[in-house]
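What follows is a single structure, and I will ask about it in a moment.
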Amino acid sequence: MALNEYLNERLELKKSGKKPALVMTHVVCGYPSFEENWQELEVMQEFGVDLVELQFPFSEPSADGPLFVKANQQAIENGVHVDDCFEFMQRVTQHFDFKVIMMGYYNTVFKTGHRAFLQRLKDAGGYGFILPDLPIDEAGELHSIATELDLAPIVLMTPTNSDERLAHLAKNADGFIYAVARKGVTGSNTTMDQEVAGFIARCKQATDLPIAVGFGVSTSADIHFIGEHAEIAVIGTAALKAWESGKAPELRAFFAQLEA
Amino acid sequence: MALNEYLNERLELKKSGKKPALVMTHVVCGYPSFEENWQELEVMQEFGVDLVELQFPFSEPSADGPLFVKANQQAIENGVHVDDCFEFMQRVTQHFDFKVIMMGYYNTVFKTGHRAFLQRLKDAGGYGFILPDLPIDEAGELHSIATELDLAPIVLMTPTNSDERLAHLAKNADGFIYAVARKGVTGSNTTMDQEVAGFIARCKQATDLPIAVGFGVSTSADIHFIGEHAEIAVIGTAALKAWESGKAPELRAFFAQLEA
Amino acid sequence: MDLFNFKDGREGYYGEYGGTFLPEILHSTIEELKLEFRKAKDDPEFWQEFILLMQNYSGRPTPVTHLANLSKQLGGAQIYLKREDLNHTGSHKINNVMGQGLLVKRMGKTRVIAETGAGQHGYATATMAARFGFDSRIYMGAVDVARQRPNVFWMENMGSEVIAVTDGQQTLKDAINECLRDWVTNMDNTHYVLGTACGPHPFPEMVSWFQSVIGKEARQQMLDSAGKLPDRIFACVGGGSNAIGLFQGFMDDKDVELIGCEAGGFGPGKGNHAARLAYKDASVGVAQGMKTYFLQNDDGNMLETHSVAAGLDYIGVNPVLVHLWEQERVRFEAVTDTQVTEALKISMRTEGIIPALESAHGFAQAIIEAETMSKDDVILINMSGRGDKDIFTIADALDDKHWKQFIRQKAEQYGPE
Amino acid sequence: MDLFNFKDGREGYYGEYGGTFLPEILHSTIEELKLEFRKAKDDPEFWQEFILLMQNYSGRPTPVTHLANLSKQLGGAQIYLKREDLNHTGSHKINNVMGQGLLVKRMGKTRVIAETGAGQHGYATATMAARFGFDSRIYMGAVDVARQRPNVFWMENMGSEVIAVTDGQQTLKDAINECLRDWVTNMDNTHYVLGTACGPHPFPEMVSWFQSVIGKEARQQMLDSAGKLPDRIFACVGGGSNAIGLFQGFMDDKDVELIGCEAGGFGPGKGNHAARLAYKDASVGVAQGMKTYFLQNDDGNMLETHSVAAGLDYIGVNPVLVHLWEQERVRFEAVTDTQVTEALKISMRTEGIIPALESAHGFAQAIIEAETMSKDDVILINMSGRGDKDIFTIADALDDKHWKQFIRQKAEQYGPE
């Protein structure tokens, strides 16, 4: 599948020591505005980000922390619709090198219709999707249409999962695994310690797919830690915080310290 | 008994046509002040009033209407005590010609003690007492001490009483009967009509004692009406209202129109 | 022991207390009431009708709740609550009121009047009047109207006319006087629904009878749930209706100690409290239709009283209880406002139960005594009402900052008059 | 008819509605809950324990009351009420909450969280937490905190921490989101006490099960007191817990018509109401853990909603009820705010009964229909809660001048901050 191939390619950079880990970043569509989103993405491109999650704003972002909740809400108040998000995605995938993953809540997909949504995602150049409130047990039909359309249904693994559950999750996953490093919502810091390492090891036992690790990644040490144990570091809230505190210059500074 | 003799004497004035009816008036001790009480009594004396009720103020004057309620309350706030009332009564009985009846609530008597209270009443020159919240069924001991001391225990008869009850009341009465012309508390007007006449007739069937009629007497017509059917007209609230609206001159005017 | 067997004494008297001290004009009215009441009391079907009404309308029987947490925390006696708060309208007052409603129907009257202090009895009476289709007027001291607006609001919405009484201290006793004044005027079609076991005979007996449903239920419930009778029973005493209601169930159980809990307010001293028997500031008198202990001065004029609980803030007390107190069958204690708000807090936090401030007097005394009792001992408290209707009073008693802020905002939202 | 027999379908689904839409991190938590719940449901002793607790603590069974006056006035069907208002804390919410409390104890957890809109569920949960000795935190939209301070006051006094949620519309749905966020963080020691028959499986089934006590009691009570089953049953539908609780008692009685009464607010039109099924403004979606009808736009984002009754002011609805609606077993109607306040007034004046604004929706629809029915017909309304705790809301709804004046005076008395 397309995402697998892309990741295999990019992982060469890691193997060859050019990068401690691949990096996936996050942008909430239309927050603060599509213009600023574009500027953020330019910075991310500058720093060679490998994957970007484009979050489709939803009114009930129950898996998100305060910063993203506000971003979702503001985007909706700004008048951002699903159509706008796809249009933006189209422009992004045509212009940038990184690959784009749709991130959002299941109702956005459900309301558009499974096939219609995934087709639009495909058409907009997306490589996959992450729906944190859609457990695999409810995802059967959606995932099979995704396979049909060569889109990766990204599955989350969590520290609370048993080994059996991890194995079951692995069977239903493609592209990469999103390993949630700790309990809680987006945006709080996680100490990257042996517990996290142990959890990633359990994930690795269950799957051969690359493993992306969130949440709460914000330092170069985090990236190196993740690189030692997994493949992809997910940078979410920290980047948005940087943007909010000083737009492009701050975001650039943030990425610069990440590379240190 | 003293009161009976006095009333028989005074009733000669009525029989001889000099007065349409005897008159009993009312003063709340210490309201507005003992000084003003004295001035009121002087006016009453001027107009040949036959009997005066001196009301001992009580904190729960539940048989009184708004004007007397206020008067009771104010008197207490003015610091009027039972001692003051007796002292005042003493001065009044020594100075004026009319006879004085203590009026008040039973608790004032009870708290002082039956015998002690009646003895003080006797000593202060009182001729009897009216306790509207003491039904005869609860008055046995008090009435027998009264008889002993030659004080009249004034009994109330009311339109709601059956003939049997009226007879029973009569047996326990002395001095005169206080016939309550209508339901309600002191201070509202009563139309002196055939219903009242019928009620007085029923009282007369029960007793040979003189009958005083209240409440709500305020005009010369009322007095004449009462004179036709009974012996004593009771003037309560109307006199106090006059006093309040213009002291001695108004009170004088009030009595003058009563005599018209 | 039948408290109301007057064969060897005077009808309506309990020892030297009680009686019927009313203006003569009410003689036939009170005689009619006595007669109807006597007929009703002698008629088992009437009691059945009453019980059925209370079951279907008010949710009787109310349960008994074991306060396991509180008992454990205190480390002494096992504490149980009789849950009169679960009645329709939220207090035991409804028992008496619905019973009198049935009597009013029997007497063919069409209008009821009632006094109210805290507002609970007025609220219950307004409810009863709506349910029975009676006209109704509730007298309430102007001071109480001002501080108990929530209850006034409900009374008016249930169709009652609420009259603010501006005489005297403008509180409960003055509202009673005003009821008597209304009654002497309108007795033909009007019944006076007295709210507690006070006033002229037959009210103390009648109210006690209707409230006896509490004790009847509670005795059996204690046997069922605690496996034994309580060692001590606590009830707050305002006029004394909830206390006598509960106590009657245990009158013949000599080992059950009965404790009446009065309003200690700021503590002993004339004017500081409403404790007629527990403190030494009251004496025997005759007012508001009965002979009993009153907080009065040497002239027989009534004193000011104070309690955090409006429903206990009354000058007189049930003559039956006075008699039982003199016979040492009932012990009287007073608890202060401070003890009461502490007891309220403990009850909320340890059991999720919000007693009315009145009822919290029983809690406060029980808490004091429970600690000194053994784990096998059993205590029963009468929870005469729920506190959530008293939110203004309780918030004030607890001096709650957020609440005050909320009220300020609300006032701002309403804008100037 | 067992609504919760999933043998022929998917577990947790009612037709195409229901399901468990939760982040993966809660998978084991929800599995544990399902397991414990299944064990409890299969264990007759658990139900016995639940019933006993509800009897002793909350006053169950609640009675059924015949509204003879109202029936007569309308001239049609005989109207009965199921009196959930007489429960401890004043609404049916306590049934579910105490049941979940027992489950929490079985699971060995020590902390509970809950969302609340009107505050009734939060109030019940705070009560349960105090009684069971759990730590507790209640999430409540900031808008609701501001307008429902009385309930907040009691929750805090019972020892709960109340968190004002400032996201989204700052109302119920946002409080639910916040609970989910807390839960994904603290699932080890924390149980989320969902307040209505919504959310991910097993909540709809579990809440329905605990609330079924209403219908179980009511069916027998109607046979006893009306001598027949009701022809129609009315219940307000917010999340749908009191409705499904009552309806379950009559599921197999095909002649009993079941009517769910939604919040018509200002009337039809997106944003004006909270009627998911009676009006045509909602569509199927997936949010807050379940698939059901939501008031949402074409993007799947939720609409603003409005109702005079905070407890009905919710975007989604019980999936079981949606299924029954599609099968035409349950009819859905909406009544407007105006109709509701009128029904409230009538109930207060003719019966002395103050329904919660939520419950008054059932009254309003029943009143409309009763008039057209015959005198032999029988109606049962679920009185899910009492209105006296909502005095601020009701006084505002009735635009009561005296009340506003009282609040202004109170604010003045408190003085500036």
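A, B, C and D are the chain letters, set down in written order, and residue numbers restart from 1 in every chain.
Note that a residue touches a chain if its C-beta (ideal position, glycine included) is under 8 Å from a C-beta of that chain, and two chains touch if they have at least 3 such contacts.
Just so you know, these numbers come straight off a predicted model, no measurement behind them.
Engineer: Determine the set of chains touching chain B that also touch chain D.
Structural biologist: A chain counts here if it touches both chain B and chain D, which gives C.
Engineer: Using the average of all C-alpha atoms in each chain as its centre, how far is it in Å between chain A and chain B?
Structural biologist: The answer is 98 Å.
Engineer: How far is the middle of chain C from the middle of chain D, if each middle is the mean of its Cα atoms, in Å?
Structural biologist: 34
Engineer: CA centre of chain A versus CA centre of chain C: separation in Å?
Structural biologist: It comes to 66 Å between the two C-alpha centres.
Engineer: Cα centroid separation between chain B and chain C, in whole Å?
Structural biologist: Averaging C-alpha atoms per chain gives centres 38 Å apart.
Engineer: So what shape is it, when you link every pair of chains that touch: line, ring, star, complete or other?
Structural biologist: Contact map by chain: line.
Engineer: Once bound in the complex, which stretches of chain B touch chain C?
Structural biologist: Checking each residue of chain B against chain C gives 57-66, 69-70, 73, 76, 81-82, 105-108, 110-112, 132-138, 155-162, 165, 169, 180, 183-185.
Engineer: Touching chain D in the complex: which residues of chain C?
Structural biologist: My answer: residues 55-59, 62-66, 69, 83, 86-88, 90, 126-131, 133, 146, 149-150, 152-154, 156-159, 225, 345, 348-354, 388-389, 391-392, 395, 398, 400, 402-412, 414, 416-417.
Engineer: Give every residue of chain D touching chain A within the complex, in rising order.
Structural biologist: By the definition above, chain D touches chain A via 19-29, 167-168, 173, 176-177, 180-181, 184-187, 283-289, 291, 294, 296, 298-302.
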